[in-house]
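First subunit A sits with subunit B, and in the next complex the same chain sits with subunit C.
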Partner chain A sequence: MKKKSAALLVVGLLAATLPFWAADQYQLHLAALIAAFWILIGGLNLVVGYTGQLSIGHVGLLAVGAYTFAILAGPEEVHPALAVLASGGLCGLFGLLLGLPSLRLPGFYFAMATMAVALIVGEFIMANGDLTGGGIGLAVPSFPAPFDSPAGFYYLVLGLAALVTWCTWNVARRMWGRGLIAIRDNPVTAQAVGVPVFRAKLKVFVFSGITAGVAGAVFASLQSYITPDTFVFELSLFFFVCIIIGGRGSIVGPLIGTMILTALPELVAPLAKLGNFFYGLLLLVVVLLVPEGIGRVFEVIAERLRPRRIESIPVRPDLDRLTRALQRPR
Partner chain B sequence: MSSAGTAAASTSSAGDEELPAESQTGVDGDDALVAARITKRFGGLTALDDVSMSLRPGEVHGLIGPNGSGKTTMLNLLSGYYEPTSGVIRCRGEQLGRATVQRRAAIGVARTFQQPRLLGALSVLDNATLGGWSHSRAGFVATLLGLPSVGTGDRALRAQAAELLHGVGLGHAIHRRANLLEHAEQRFLEIARGLALRPRFILLDEPAGGLTASEIEHLGGLIRTIRNAGIGVLLVEHHTDFVFRVCDRVTTLDVGRMIKHGTPTEVRTDPEVIRTYLGA
Partner chain C sequence: MWSVLVSGLATGALFAATALVYNVMFSTSKVLSITTGHIAMLGGVFGAWFITALGLPWIVGLVGALVVGAAFGWLTDVLAIRRVLARSDEHLWLLSTLALATMVQQAVGLWWGTEPKPFPRLIPQDFGAGITDQKFWLPIVVAVAMALGLELFYRRTMYGKLFLAMSEDAFAARARGVPTDRIRAVSYVIAGALGALAGFAAGQLTFAYFALGLTLTLNGFIALAVGGLGSNVGALIGGAALGLLNAFSSYFVGGEFQQTISVGLLMLVLLLKPEGLLGSKNTRPV
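And now, the complex of A and B:
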């Protein structure tokens, strides 16, 4: 536990001081992109990694958030801060409308439903050219000072990403986290202890919609120009793969996954040429070698090298203690 | 979240052990979990045919019978997984007709499973704490925002679960991942999780399955302790010696019909029970 918080502190310090030691503007841009993706992936992680609902359509929500921001903050001249809130709110509502019919479907069909929505959003953007610019796209305004510089904007996105991380961490370590994992691993148990399975799924899904909307807004501003091609379906799979590679039921793992999968192809030129092949290969390697995810890779290696022997101790109830434990008021 | 309604003064039920099934439902009224004239059909198969039984607070009620006699069906009806084809289920006077499984937890009906259903990825402590879900007042938004009350409530439920784990004899394994538990440990963890509901009634589905003789002794101790705490225990079990030893009342089913209900001695000596189930 202590090692983890120390590592977290180091990562936090590195992230916070990045503008002072980054080699060039491009690295800063890349870091902001990772943070923007993480706003979405962090929220999606509760849906996929914790609740086990395989949504592969979040690029649709990202697009809705991005276009909402671009239209409101651009032609409509709404203050960007309000436009971000509107993006989050609208995508939360969108998540609710999407989740209501689809979250009752069993896994595979739910995934198909979310994929269909992602495709429909793309078509909708193309078809409504006078609102969205169609295939030509839209210019996206940047944020006002002090967020108009690359460093200022980076801090804004980093702050939002930290907020999302904190929120999901609050969920993961409390009763809600246990309830969500119960829905993922054993719905019958979840029901038996009183978890309202559908409503819990819906709440988490709406939260992931809000984060996707906010992510869309800052992502659009970071890109400064968006077209339907910005929101290809592969991006949705990319989000999903970041979580799977990072490991289910973890926050740090998917965060590492997001950083690696976003940064490596950009920083290592030969990997960029491989494109989707790189993602596919990495996914294959992780799923086959460390299905627990890269977040636990050191744990897994340590356990393989030095397997911990568990001593078999016969259960011996302490009935007096049980009696005392049962004497609590209902 | 105690929504079980009125705990009205009990029209007591002491001393009517001998009453036949139909009249029994009338006397157990107010503080018991009652299945009244339950029939359950699956397509053409009648799993339960006009069976009545009750589970009172502070008793151990055994439910025995050959395979396919409807024991687990009854347990699934009482815990809300099935809806009866006809008849009603009442808990403390409240009719539970269509109350979902989730609501039973809030009403105070806990259960365990024939095959332990644990969350292998979580620690033993987290598994047991999950049983306290219906006592957690933390909403999703409050949890997201990390409100202090959420942390306080969570710590209290963890502490309660830890006490229960020490009580059932899993103190040594509290931080172990649940998928590393041995069979008996899994069974006892299921019971601890059920008790974390702070139930009025707990339904145990073959808890002695796969346990060694000494582990069964421990299980008996647990069951008596739970009963003495005022909780009603339904024991669905094949292990008849064990049932006759720990139960206050026993109901015997055969192909969906009740063939005998009474004290362990009465049931054990009943010629019909011996013929259909116990053997000579």
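And now, the complex of A and C:
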């Protein structure tokens, strides 16, 4: 436990001081991108990793959040902070409207419904050109001072990401999280022991909608220009791979997955060309070989190196007592 | 108006054919594979490649496309289904088929290009043929023939009966000595060939386009869910209904909201009759 909190402290310090030791602006941009993605993935993790609802359409919610922010903070000249709140609220409402019918459906139907939403949002953006700029896209304003510099913006996104992490951690470690895991592992049993299955799923889904909206707002501001092509369906796959590779039912795993997978194609150029093919391959390999997540690999290796000693408690038969019991007169 | 009707029926036939492919795979494995639409996409792309780029006669191109589709079907079973079903976690096949589908789509996108390319004319015919154009009636004929052929296959052949036995109860079939793994592989190969046939026949309608797969996966699934999971006649009806709805809504409302309307149909049917028009009722999970 001590080791864990020490590691957490070190990572927190490194993240907080990043603007002072980052080599260039690009690394800072990358770190902000990771944090922005994590805002969404942290919320989605509760839905996918804990509750086991495979939502493959969160990119649609991200797009709604991004466009809401771009329209409100741009042409409508609303204060960016309010626009972020509006993005989160609207996406939460959207999540509620989407979740009400679709969360009642079994696994594959739910996945298809969320995928359809991702496609519908894209269609809607293209259809309402006068509002969203259509295929040309929209310029997104940046935040006012002190968040207008790369370092300031990085702190803003980092703070939001930390907030989301704290929220999900609070949910995950209490009774709520246990209930969600029970729903994932066996919904019938969960219902039998009194977990309000549908309501729990809906609440978590709405929460993930809110985080997706906030993530969309900061993501759009980070990109500074958004088009419908920014929100391709494959981005959903990327979110998914981050969670699955980190391991379901964990927060640290997906966080590490997000960091590595966001940074990897940027640092290794050939991977960027393959792009989504690489994510697909990664997902397939993880699902086939280690469905518990990459963390499981390290556990197995650690077990090989240092086998856990299993204490054997020998049970000696108490023969005297047995004889007496058998010889007792009936 | 007639042209709207016919083009709606033609798209609907493609959706219905995709739904039939879903059914074939579902019968033996209880898996709804996300790669279903991509099989049809492969049929269209490889058909166009064989005929246009390699200059082969169309019958050879058709056989080639069928072989590619069948090979991909087999690959789906080997890579994405076999190991996952052995683990008996019901969500994992969704992820593995999604991963495979993405890989295929991206690979085709890198190799073939991301622009839709024209599909060659199969039968010499004037381009001004209007509603009797082959691009409309080819998919319709193929979809109906596929449904009839599958019905005959299920009723008259030993393999078809084994499929039915496995769709009723795979464990019982295994206990009776049915080699369930091999039958499943055969069903995936057949599904691959049928999907490629559908994509090939509808190639002139959809063009050879790498991103077709995902749309087809969704719309084929909607046709299937509307008609009822497991029912071939239901798949035809659902596909035709969806195609007609799409065509008439884009005629009257405009083409921007096609997906929205399709999904609206899906939600409506699921709310009113969750098992679909001709599906069998789901039992409770306990």
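Quick note on the criterion: the second predicted complex is superposed on the first by the 296 of 330 C-alpha atoms of A that agree within 3 Å, B and C clash if a C-alpha of one lies under 4 Å from a C-alpha of the other, contacts with A are read in each partner's own complex, and residues count from 1 in each chain.
The rule is short, and it goes like this: a residue touches a chain if its C-beta (ideal position, glycine included) is under 8 Å from a C-beta of that chain, and two chains touch if they have at least 3 such contacts.
This one's a predicted model, so the numbers in the text were calculated from it and none came from an experiment.
By the document's definition of touching, of the two partners only subunit C reaches A:Phe240; subunit B does not.
By the touch criterion stated above, A:Arg306 is placed in contact with neither subunit B nor subunit C. Once the two complexes are laid over each other on the shared chain, residue contacts for A:Val188 go to subunit B and to subunit C alike. Applying the stated contact rule after C-alpha superposition, one finds that A:Ala111 touches subunit C and leaves subunit B untouched. Legend: residue contacts after superposition of the two complexes on their common chain; A:Gly280 is shown touching subunit C, with no touch to subunit B. Judged by the touch definition given at the top, the superposed model places A:Pro291 against subunit C, while subunit B stays out of reach. Taken together, the two structures place residues 188 of subunit A in contact with subunit B in one case and with subunit C in the other. By the touch rule above, subunit C contacts subunit A in their complex via residues 32, 79-80, 83-84, 87, 89-92, 94-96, 98-103, 106-107, 110, 214-215, 218, 221-222, 225, 254, 256-260, 262-263, 266-267, 270-271, 285-286.
Residue ranges of subunit A in contact with subunit B, taken from their complex: 166-167, 170-171, 174-176, 178-179, 181-182, 185-186, 188-189, 191-197, 200, 203-204, 207, 249, 310, 312-319, 321-328, 330. Of all residues in subunit B, only 2, 79, 100-106, 108, 110-111, 113, 117-122, 126, 129-134, 136, 138, 140, 143-146, 150-151, 153-154, 157, 160, 163-164, 166-173, 176, 180, 182, 184-185, 188, 193, 195, 197-198, 200, 214-215, 218, 221-222, 225-226, 228-229, 231 touch subunit A in the complex they form.
Across the interface of their complex, subunit C is touched by residues 52, 54, 56, 101, 105, 107-109, 111-113, 115-117, 119-120, 123-124, 126-127, 187-188, 233-234, 237, 240, 244, 274-277, 279-284, 287-288, 291 of subunit A.
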